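The structures come next, written out as structure tokens.
Same chain, two partners: chain A is paired with chain B first, then with chain C.
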Partner chain A sequence: MTDTWLVTNLRAIRGRAYPRVIGSKRELSWLFFDITLPLLTVSAYAYIYKYIQAPDEFVGFVILGGAMTAFWLNILWMMASQLYWEKEIGNLQLYLIAPISRMSILAGMAVGGLFMTAIRASATMVIGVLLFGIVLSFAQPVMLILIFVVTMISLYGMGMMFASLYLLLGREAYHLSNLLTEPVYLASGLYFPVKALGFWAAAGASIIPITLGLDALRQLFYPGSGAEYGFLSVNTELAILAVLCVAFLWLSKYSLDYMEKLGKTTGRLTLRWQ
Partner chain B sequence: MQSAVEVKGLTRVFEPKKKKEGKSVTALNKVDLRIARGELFGLLGPNGAGKTTLLKILSTLLLPTAGKAFVAGFDVEKDFTEVRKRINMVSGGEISGYGLLTVKENLWMFTQFYGMKSSVAKQRIDEMLAQFGLADKKDEKVRTLSTGQRQKMNVIRGFVTDPEIIFLDEPTLGLDVNASRVIREFIVDWVQAKDNRTVLLTTHYMMEADQLCDRIAIIDDGRILACDTPENLKKLVKMNRTLKLDVTSLKDTSKFGSLTGVEQFTFQDDAEKDQTHLKFILTDDSAVTEIISEVQSKGARILSLQKTEPTLEDVFIKMVGKGFE
Partner chain C sequence: MAVSHDLRTFKNAAWLGWQMEANWTDPFVFATYSIVKPLAGSLILVFMYIVITGGETQTPFFSYMFIGNAFYMFVAEVLFGVTWVIHDDREHYMTLKQVYIAPIKFYTYVFGRAAIKIAITTVGVLITLAFGVIWLGVEIDLGAVDWLVFIPALLIGLLTILIMGLALGGVTFLTAKHGMGINEGIAGVFYVLSGVIFPITVLPGWAQTISHLLPVTYWMEALRRGLSPDLMASLPGSTGLSDFSNLEILLTLALSTVAFLFISTAIFRYADRTARRKGKIDWTTSY
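Coming up: the complex of A and B.
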């Protein structure tokens, strides 16, 4: 056992990510639900935009939004309630007695969820692009990747924070997930440029990382569209996303530590049906 | 050598969820306990005695309200990471893991939380699955396992990381004779295989505690009532060994009362059947031979013989004031 702390924790992350990754391979029913259904929603918007003769970009905007929706749903309906379910199954206490950082467990869930969702999102993108004959620009590949990575880290950081908080809420938490589904579609401009909401509403919605991430991706995929439809400049959005990234990771660690301490003191963290 | 577990004045009070509603529960009340390295130690107690609470504190899941607990010499409150590196835990009726993973994948996943190298982990898992007769199940989904198979898998999960000290909370709960035996034998072999291995298990099964454990602590209502080897615990009950004999009619019984090792002697003639019933309370087992030769020297034949000894259950009933329901 001369392995370093880092190696041990990387193995833990891989270990926890594994069931997610392998799970998406084993249960292929998701292919239908998670790719076809979002495509239907996206297509509905796309046809509306075509029918009212909106600018060509809008169909692309909505397909990008549809792809991002997958990540938001993954955060809300899987990441957030994950620790709670782990507690119910009895896995949580096994994670807690293991000699690893608790963040590795959350990170493992996030990596697994991200991997699984990325496949769905890409499928939505590819099919959408082919179906509607969309042309996207890859003129700034580095920036595209950077924006995507920072968006995902802050989004999954937020998911990790939710996971700890949901542990506190228990079974009632799904109400919150319900509450955060549709309104966030609206607030983060999944189906239209967020700029349309006006500055202050868009600024408020920017706390959710997909808002700015999506806005920046749209500007990059459609060079020149930023002036008219972009909320802030891509660089500014990248900077804000970087701040969100650090903030959410810190908050998730803080809330997880808090939950563990609370659990050890009250004795409720390892009990079922609470 | 430092103790595997050392507990001093350990107290744990659970406060009700809402103040005013309900009252606080003292699950552990000033518990003192010391378990040496290499021991197979049992905690025996009725429901709600505080067994699981003690295991949770020792495995760093719960903080003590007062007192101290050390595992492998480390304070569970302050040096929890050091403790965690050296322990593992298995509970009865556990449903841990993910149903869509195979048995082997599931076990592998848990080894990763201990930073085990994959190749080493996989080899050890294969060996242990074979040892538990689960080799043919290794590629089956976890959700298809029976209760007994599942618990064997859980036991493998706990031992595969090669802990110094393992906590087993009712490891054979609800299992059939066969599955329990496989697990019990494994536990005994495991402790004996290396010097530095310690087991702390809780159980409801008297037989299990009696057969398995080097020492047993009887716990009730958060307090340790007695702690000793099963043999010594049985000596605590005044109910001594008794010997009952039915012999063909015996006229002269004068000598029985004065044989060494006989504390008390009574007899009863059954004229109808032409038999005599003899009853002895013994302080020493060696009296049995002398009693038998005395019967034979008087020309009587032994028709039946029954010897009773105090069981752990008698000890338990005496200590706790009630048996298991």
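Coming up: the complex of A and C.
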């Protein structure tokens, strides 16, 4: 019984991840946009740092931040907004009547989205590093991988939670995602060390996993920069990210159940073009 | 008669655009939304600059960067606004075919929808500039503004962006959910190559050659010369267009607008014909 439930839901995860994974291969032109777009902004910011004669590691900070924007945009537009979009095009009701956990749908979206975005972010990193001649340190590879994985789990957990919260939204979903773009780039210090915002602002922004994840990655890629530009120690950031992982995954399950119940009660689960 | 019909189409399209932009929430939230987003975008640059310079914002380069970034909002938002009309009406609300068969000019409809985007963006630009002048010491003195340069530059530049948006709107007809990517791509090219936040002289030589072909390069230069003539005189080094007089800059901008008018109209007409032939007017590309 348990196995059947597990297998069914694993299939659901695979099924929902499939269009995103396969889509990234079928629509190759998307790859072009996905890779070049962040590079353009990154290049502009890198040239600013060069123009004002910033230390070399700042160009590296910008490139790392530019790569991470891909994940944040994926969270906003392909996780948070997705159930809203599925509702608008009529798929949501099919998900709800399928004999699977709703969390499997969210997990499938996350897995597929992570795959697509990892390609984009990796390409941004590689091209950026080559283009600007960045030298990164790989002295602590295990820690690098650990930080990245924990950041992604907590980030996509947050995306799953947002997807639930967006479920009942109408057009405000689009505007909300729009609103959460530049302000989050600013708060998370995607293009400058978050420490510059001051302790309390940076601490507040740490609720967004990308803030601490990026800060930790910068400290690991540039070991000498931590003391001057790092917000917290890497170990502390790892511990906080681990807590965020658990918190967001739990919150996503809770909010999905709650919003589904609320949607059924108010009759808004299939309401379109609000 | 035809003119009043077009004006009515324009007005109703603008009204529709306004409702779509603003009536999803109450006016307070909408006002907050309209202010927070552009300010956050500018503050990213401010913090980048402050981290390196230790808080010194009253420099010619800071003002150069801040003003360019504020006006760049028009490029991003208006390009996006025009193409999003195609995407949103076709794929989301699925009303594009009704608009097409209505007895109105499609261009007028699109420009009406985009006009409201320009109006909303104008508020964002003004708030950002006011924030810069009041809190960050950005060098804009209303008494010193060269209105004869600034106003024509602003109007011609906005027209150019609208016209370029039309070409991208045409491309959106034929592509699968690429509207945003294409917009961001073109807007991103302008951001890097048009001297928006740094002088084009920082770029490699080959990139500077491309910069000289982009109308936004001349637009940014003309806007800054009009809005803050003293700033441009005190900026150390060349902006890459220092050899151009104000008149030459405006003429170049105007000529590029005419050139883009022909190019964009041709692209849009081709895309329109192809979309009709291939049945893409009511296409949806959900994934």
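Basically, the second predicted complex is superposed on the first by the 267 of 274 C-alpha atoms of A that agree within 3 Å, B and C clash if a C-alpha of one lies under 4 Å from a C-alpha of the other, contacts with A are read in each partner's own complex, and residues count from 1 in each chain.
We adopt the following convention: contacts are C-beta pairs under 8 Å (C-beta built on N, C-alpha and C of every residue); 3 or more make two chains touch, one makes a residue touch a chain.
Source: prediction; values computed, not measured.
Shared-chain residue A:T265: touches chain B; no touch with chain C. In the superposition on chain A, A:L130 makes contact with neither chain B nor chain C. Ranking chain B and chain C by residues of chain A touched puts C first. Within the superposed three-chain model, A:V7 lies in touch with chain B and out of touch with chain C [touch as defined at top]. Look at A:A227: by the touch rule set out above, it reaches neither chain B nor chain C.
Judged by the touch definition given at the top, the superposed model places A:R16 against chain B, while chain C stays out of reach. Applying the stated contact rule after C-alpha superposition, one finds that A:L96 touches chain B and leaves chain C untouched. In the three-chain superposition model, chain A touches both chain B and chain C at residues 19, 23, 27, 89, 91. On the side of chain C, the complex with chain A involves touching residues 20, 24-25, 33, 36-38, 40-41, 43-45, 47-53, 61, 65, 92-93, 175-176, 178, 181-182, 184-185, 188-189, 191-192, 196-199, 202-203, 284, 286-287.
Touching chain A in their complex are the following residues of chain B: 12, 14-15, 17, 53, 56, 59-63, 81, 84-85, 87-89, 91, 94-98, 100-101, 105, 108-118, 157. Of all the residues in chain A, the ones that touch chain C in their complex are 19-20, 23, 27, 29-30, 33-34, 36-37, 40-41, 43-45, 47-54, 58, 85, 88-89, 91, 170-172, 175, 178-179, 181-183, 185-186, 189-193, 196-197, 273. Listed in rising order, the residues of chain A touching chain B in the complex are 1, 3, 7-9, 11-12, 14-16, 18-19, 22-23, 26-27, 89-91, 93-100, 105, 263-270.
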